[in-house]
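Dumping the structure here so I can ask a few things about it.
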Amino acid sequence: MTTLLNETLKESIYMPTPARITAVKTFTPTEKFFKIALPSGFSLAHRPGQFVEVSVFGVGEAPISICSAPSRSNGTFEMCVRAVGKLTDALHRLAAGSTIAIRGPFGRGFPIERFRGKDIIFVAGGLGLAPLRSLIDEVINDRGKFGRIHLLYGTRTPQDILFAEDLVAWANAPRTEVHITVDRPDEAWKGNVGVITKLFPKLRFHARNTVAIIVGPPVMYKFVLMELLGKGIADGNIWLSFERQMKCAVGKCGHCQLHHIYTCQDGPAFSYAQVKHLEEAFS
Amino acid sequence: MSLRIMPKSLLKTWIKHLQSRHFKVVGPTERFGQYVFEEIHSADELVMDYPTSVLPPKKYLLPPRERLFTFNAKTMEMQPDIQAVPTVILGVHTCDMHAVAMLDKVNNTGYADQHYKARREATYLVSVECLTPCMEGSFCKSMGTLTVPENYDLHFTDLGSDYAVEVGSEKGAALLEGCSAFWEPSEADYARVDAVIGAKWQHFPYRLECDVTELPDLLALSQKSPLWDELGERCLACGMCTKVCPTCYCFDVTDEIDLNLEHGERIRQWDSCQIEKFAVVAGGHNFRSSRALRQRHRFMRKGKYQYEAFGLMGCVGCGRCAASCLVHITPVDTFNALHRLRQAAQNGSAAENTASNQEVQA
Amino acid sequence: MSAKTLPRIAFFEFTSCEGCQLTVVDTLQDHPELLNAVEIVQFREAMSERGDNYQIAFIEGSCTRPSDEAKLKEIRAKAQIVVALGACAHLGGVNAIRNRMALPEVREYVYGEKAAWFETYPARPIEAVIKVDASLPGCPIDRNEFAMAVTHLLQGRLPNLPDYPLCIECKLLENVCMYQRGKTCLGPITRAGCAAICPSYGDGCEGCRGLIPKPNWAAMKAVLREHGMTDAEIDSRLTMFLTYQTMQLEAKAAEG
């Protein structure tokens, strides 16, 4: 058994390894779920929060976050892909049995060992739930090592809710609360309505012993950060994941540069303490 | 390190000797009144005392357009394309040598770039001592790049009728092997080299109004400067400044495939942080949506970010961007303007403090 | 792939010199495999058969008279994908030069005493009349870009063409800047993708591929002025291919 990364680094850091799509599920009109099998003998050996570079030959390559937990990956991994560009559109046209190519995993994920013994607030906006799912499952799989868990999840409409089965399973896990809100409800929706920060009054936590992990669209960060900081959670206990354009994933192409940081290799997971002084971090 | 002397008349002999040993020999040649690094077929084409080149010699280490690997989209077979043609680059200015040090650092930090490494290892750098300023926009003396860094294989100094040739590495020594054009220096030769190098400094002006070591802090305090908006108004966003820069290394990656949708290649091409789409993410959000923000990013990289990330200045003072900018945005003017704004702000607050102290006393 | 499943493509021309379709014929000589990849059902420039069952329509030429509109709409109704071929279809092209003049005078200048026999109105890109899925810019189009566009269409996606400025492409080729050779050039505000063919042969860019998404108009004019052009010369330089686009921008600026 060798890691995919070892293979990636062998001849050219830019050359991927073929991998097979074994299952495709349509989540929403724009989001699909893919299960990928690596060639036999390979493991992904990723950390929650890391990403892979996915190739469809002839179309190109794009960074996609891994949405499955390391402890549930056995030569396979999962990703949830929104069709928003040439590569993701091409992925959406592929069916189970197709072959793609993968490099990675890349970047630094979330430091899960530092979350042990603490209460955790997960805040996910839209597709941000995908990279968080990898971490949430890892925490739930080792449930005894963590304190109380809150998951706040916001989407535009009820139809945009991703990972519906997982949300039910998480809500049923011990000492775990799941709160969902939508911007625009339909007639059938009986849950919360409004922006995600409206969910905060529902939470009871001890700020000194709480970590918060936020993943969502750029506009969400400022408001969620204000809530969390206002509740007294320390800068170093707030973690977030940055999305940037990436062409190489190995700190060379310059697209993801944020000050002296390359989001692809120094992130995409950062603590708020690491990035709060950086102009453009939340622009 | 050792010194050799080569009469200029024997440069031709040496180039022929290198070519007979199957080195690709490149150097500055004239093109429409400007100079470009190109393969030299005869020594007559070479212009060793050129002012500057359109593109820096970087193009041989990180080509403008490069195939990373070929693929077969049906069988999923892949073949990396790693080029290592032994190449001697003649006449590299000291600013560009500092830039190569930066490229070396970037490409060997984290996971090393094998494509770069292979080219770099096959490349022999023959630098040349700059004795007079090459153009108005250059400010190498201010940036500390007027002395060659220790990455040269051979370093030439023009002594009039001869070249002093310093051997900086085993690779450099290998270039001299079997060629009778190089002589042992006499005591007088050492003195000649010292005299030429000692005399050159007075010809180069300091053009920055602050010290190079102050740039990172100056820029840190200038994130919100109104100057960026002013540059954004003027900037054409044509990207030329980044194309001609010896330390810019950002690239884009694309696929090309034949009409049978079978055989293809993955290409990387120089990109520019000055163009609209450089920092756009899937979904359309642009992290640097205005020309002002993109100019700021460019100058921050040159004077602060790269220094913090790699310990080397992102600007080597070559002046190419200044010479090519149609709207006259230059690093010297930009850094000096920020420095003056900063001083004015400090003087202003000092004046205020004095005024309020006087009020208290009164 | 059997012959039956090949995508069926057709070529149409409106007001144009048909030079872009000639470039397509040229491309076929460079890439004969194109003929195995698509089925051409209508192409007046190269064949006499005419089929009306097509999926992809390539349209050359601009729309210059009211009666063109019905024909364009008919093509749109039949085609799944419409591609504007070249500067005339993409931008209105040189035909739009007249848009800044009084139409009756133009008509008289061109057709003399028979002017009344000819129908005409301000020239416009086909996108002003029908929805266009993709545009191949240039006067004429670039043959390699045409082959690339067809490749992208065969992959089931719309052509992905550069929209960054020409200067990028020109510098990658290490051309000496036109301005340093004492000439003027619209490269800084014009879309790349032509392999900088004009500067590579020593001529400044005329802007045939259209403007980049957010051109810095004022700065470009200041540069041209600095290099000795009068305002009248600048206007005429920007008129060659960019009349329709610049008039649109002016109208937008006037509105708000």
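For clarity, chains are labelled A, B and C in written order, and residue numbers in each chain start from 1.
Keep in mind that, in the parts below, a contact is a pair of C-beta atoms (placed from the backbone, for glycine too) under 8 Å apart; a residue touches a chain by one contact, two chains touch by 3 or more.
Since the model is a prediction, treat every value here as computed from it, not as a measurement.
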item: Chain contact graph, described as a line, ring, star, complete graph or other shape; value: complete
item: Chain pair with more C-beta contacts, A-C versus A-B; value: A-B
item: Chain at the geometric heart of the assembly (C-alpha centres); value: B
item: Centre distance in Å when chain B and chain C are each reduced to the mean of their C-alpha atoms; value: 38
item: Centre-to-centre distance between chain B and chain A (centres being mean Cα positions), rounded to whole Å; value: 38
item: Whole-Å gap separating chain A and chain C, where each centre is the average of the chain's CA atoms; value: 43
item: Residue list for chain B, restricted to those that touch at least two other chains; value: 257, 261
item: Per-residue multi-chain contacts in chain A, two or more chains; value: 58-59
item: Overlap residues in chain C, where contacts from two or more other chains coincide; value: 151, 155
item: Interface residues, chain A side, partner chain C - complex; value: 58-59, 86, 89-90, 93
item: Footprint of chain C on chain B - complex, ascending; value: 31-34, 36, 54-55, 59, 64-65, 233-240, 243-244, 256-261, 269-270, 272, 275-277, 291, 324, 326-327
item: Touching residues (chain side chain A, partner chain B) in the complex; value: 9, 11-16, 18, 57-62, 82, 84-85, 88, 99, 101, 217-218, 243-245, 247-248, 250-255, 257, 259-262, 265, 279-280, 283
item: Residues of chain B touching chain A in the complex; value: 68-69, 71-73, 76, 78, 80, 82, 106-107, 109-115, 223-224, 249-255, 257, 261, 264, 266, 268, 271, 273, 278-285, 287-288, 293, 297, 300-301, 304-306, 308-309
item: In the complex with chain B, residue positions of chain C that touch it; value: 31, 33-34, 36-37, 147-148, 150-151, 154-155, 163-165, 167-168, 171-177, 179-181, 187-189, 212-214, 216, 218-220, 222-223
